[in-house]
């Protein structure tokens, strides 16, 4: 400290180096340190870090049988790890060169089907053996020391002095008195924060514009077609069958909400059918068409049990009864699967009479109830 | 070491000179020594967090590799790679590139599997680590901040998992994405707005894979990396907690110094973790996307599940009854909202706030650096087991269709078992755990008071049979032990206090041949060896006279006299 | 007689192009159209051959129904009267509360039910159990002949049943079958104790017969819904995938996340716990 005060503040004066680090460097001269053994130096440094080495179990006696065995074990482990690594390299590089090709084809049961397992086995073995070797080394060959390190609570001195510096700086800035600056800073901060957040507004889209959630591509006269685009006639399905159909519009078969199940009921099912109120004429003869999108979480239902008339959703096990207007009869779903009103056009193919009268898929906040 | 240099203590070797040169410029010797001298307590359970850290490193390495080949685009392409059953099928570019990297990149399938296994292990080890912290009370003051950061990291890792799971755009992940979409839609009032902001419109749109991708490879990992750094810095700053034991106090840490023992073990563990992931990545097939097929909103498979760490939400969704809340004005709170957003939100909020809640209830505001044994805090332990039961039960319900199918149980019955179980099992778990804790506590006290059961039965002259007990320390006039319980394991078997030398074992095989053990026993007579007989066998937290701090091995081993090393 | 219906596929082609949906993926569309056209031709030929063949089998049988049936049918009748008549009635009409009518189910249903051992039932349950067949292949043929002759219904084709497009089969499988039978035909649970069986041990004819007849809760996939060629494609896909190796190591049942989660906890975490336990223990 005194040396510093002697020093001129700026260039021009003679520059005296300060003490190296303070503390220990003052306590121990280089000569003293040079006279100490390495072990003592280690302990000395540790004591400055609040560490005391209480006890050292030395490793095995040099040259003892125990040591030799441990060395053999560790050495063998590392060697094996290296070997596995090299074999990995050979297999990775050599496959398709001097070894059979690694490209797997479905008929292949041999080399290429074992390529990935081999890579995994060798790399895993190699890495794990490195780890095991290291641990063996630590456990069997390193001296085992027990050390204690002191744990300090926060320093009162540090708290008080730091506090003084902080408060002093704040006080000198005079922000407490200069109200205009504080207020303008707050105003500026708010504005800046908002401004920087604004571009996120680009993410926002109005979900209520044009009712995209409540409508699908089905419309009056749109044909029901299969996945490959072929239309369907009433005679095509056997009683007790289900066909997934799509609206005959471009890309209809990959739309998220248009998939519909066209079900031909068995005569017994037709007899006991109780359609939803006002939807008795939505079917066509023995045929009914329900949305394939679960009203619970949107998974495609269609695990159709034709004897029990149930449709099961594989995601959360909601069950719907097709003879009761696809009413949910078990599980977490709350709404019936929407029914698509269908009829047959002049050429004898199934067409929709209109879009679904309610939103298909999962329920949301402002979904209109029917 | 001979010192021939002119300046005293100046290095003579080349390496030493280089080290001095470096320190001249960077002045790192001091901080480096402090780091190397840092003492870490040695207990197996303190390595659980490290497993998570190392899995994360593997995730970063393998994930970076995968980005070289992955194309996060939903553009429709026609597959013409080497997997015949999909050749000519239309699919998204994302799925196409995931197939390409599996079948047409040398070692690509291996690294994809490594990445996925590392992800599963990452979350699993976080959970195990969290349980250790919870049950030992390591979250108490001053470590609440680190607990909070930990919970945030857990949530982030789940988000990482979900976004990563969705990327390949196969039929399984697409089904998951569909459910994510439905969950977003189910949020009251703002649900549709949130959905449209995330998906850029109605499901499925063309942006979601790209958005999930950037969140998965940049946004979440960056935040996670920052949090890991803070987590570790705080850990180093606050020093590690330790279990109670001889010589261990609230004001010290007993263990190994970082260098070399701890560093070597930690490095070893890194390699073991990496090795295990590599073994799994090669030997056990994970997420075979080629079998799932490309995503199509009209297709689905039986047994569609999320990865295990999301399965509890799938389970809660399966169990929750069909309770839409219809509000006036044609507004609805969908049933889906409760078991997903609300349950997940409540679970993680409760978890995050638990240290504050416990502080409030116990009014314990002191700093703690010694860990508690779960039995000593029966309420917390029971609460933990209760929460765990709830979680595991939900998780199992997430796979209830697979259980129903494999064990031929009715699916509807499984749902009802799940519903009933989720209500009655947690309280039962609480009660049982509480009883077990009390029983263990009582046993500890019994042993301290009466000593260890030796298994030696004596018949007294009056005909009474008694079992001889070995006291653990000095006894009073009634033969009752004078030691108090100090929060550390109490030895309960004679061989834990050196009563039976046969207990000297290596991990896999006896280190000493039995013949020598027999000889020693004969030489020493029964009981303690001469040099140990003066040691007090207390395991109380106070450093006791003559006792020296021992490092914890397994809890069951703690307090065991130090065996002579060989 | 359902066979002539097979040809009703033919006009679909024109109808489909008439409906005129402009599809952006023209290439694939064109290919699938060609495939369909070929399928139609093949279907037509097949139907002709089948009609002829069936007619030659049928005509004498029907003519002689009352007095002298073929040897196979007679043997089938004996088997029927011995093992099936209790539940299905003396004239295949079924018995209320015991068994359904077999009129119109055809030989496909007989083959599926008897070959997979579901019939004869050991007890009334929600679903017949898959078990070793009671009857020999020859006896099954006789039963099939008897039921076909007296009840009529869809018939099973012969020949290579895997002769179809692999990738198209995969698409059809995922659309129509995977929802119950899982991605890879592992099967899955249905409502209230019923289940969709695993396809692992099913042979080609069984799968074909199942699609054609819709046993128990399975929906029927008639020939106008899935053409014979499409059925062959599906069988090709199912069997190919079932037989192919797992290039990524052990398949763990190929059921995805449930098995994988089990592995990471039972194998991964346990192995590591063991590892750190070992690290923590003293040598």
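Residue numbering begins at 1 within each chain, and the chains themselves are lettered A, B and C in the order written.
Methods note: a contact is a pair of C-beta atoms (placed from the backbone, for glycine too) under 8 Å apart; a residue touches a chain by one contact, two chains touch by 3 or more.
Here the structure is a predicted model, which means the values were calculated and not measured.
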Legend entry - Innermost chain by mean C-alpha position: A
Inset, instruction - Kindly indicate the chain pair that has more C-beta pairs in contact than all others. - result: A-B
Inset, instruction - Averaging only over C-alpha atoms, locate the centres of chain B and chain C and give their separation in whole Å. - result: 47
Inset, instruction - Provide the C-alpha centroid distance between chain A and chain C, rounded to the nearest whole angstrom. - result: 39
Legend entry - Cα-centroid distance, chain A relative to chain B, in whole angstrom: 17
Inset, instruction - Two or more other chains in contact with one residue: find those residues in chain B. - result: 76, 84-85, 103, 109-110, 113, 265, 268-269, 272-273, 276, 280, 282-283, 296, 298-304, 401, 411-412, 551, 565
Inset, instruction - Please set out, as single numbers or ranges, the residues of chain C touching at least two other chains. - result: 171, 175, 179-180, 188, 190-192, 196, 240, 246-249, 278-279, 282-283
Legend entry - Where chain A touches two or more other chains at once, by residue number: 104, 106, 116-117, 120, 135, 144, 227, 244, 300-303, 312, 314, 317, 319, 330
Legend entry - Of chain C, residues touching chain B in the complex: 25, 27-28, 31, 166-171, 174-175, 178-184, 186-193, 195-196, 237, 240-241, 246-252, 254-258, 260-261, 263-265, 267-269, 271-273, 275-283
Legend entry - chain B - residues contacting chain A, complex: 1, 3, 7-10, 30, 33-34, 37-39, 76, 82-85, 103-104, 106-107, 109-110, 113-114, 175, 178-179, 181-183, 185-193, 195-198, 200-204, 239, 247, 250-257, 260-261, 264-265, 267-283, 296-304, 314, 317-324, 326, 330-336, 339, 367, 369, 400-401, 411-412, 415, 548-551, 565-566
Legend entry - Touching residues (chain side chain A, partner chain B) in the complex: 21, 29-31, 33-34, 38, 45-46, 48-49, 51, 53-55, 57-58, 60, 66, 92, 95, 102-106, 116-135, 137-138, 142, 144-153, 203-208, 212-213, 227, 244, 246, 253-257, 259, 292-293, 296-303, 312, 314-319, 328, 330-335, 361-369
Inset, instruction - Can you check the complex and tell me which residues of chain A touch chain C? - result: 104, 106-109, 112-113, 115-117, 120, 135, 139-140, 144, 223, 225, 227-231, 233, 235-244, 248-252, 300-308, 310, 312, 314, 317, 319, 330, 347, 349
Inset, instruction - Report the residues of chain B in contact with chain C in the complex, numbered from low to high. - result: 42-45, 47-48, 51, 76, 78, 84-90, 102-103, 109-110, 113, 116-117, 120-121, 124-125, 128, 171-172, 265, 268-269, 272-273, 276, 280, 282-288, 291-293, 296, 298-308, 311, 399, 401-402, 404-405, 408-414, 506-507, 511, 551-554, 557, 563, 565
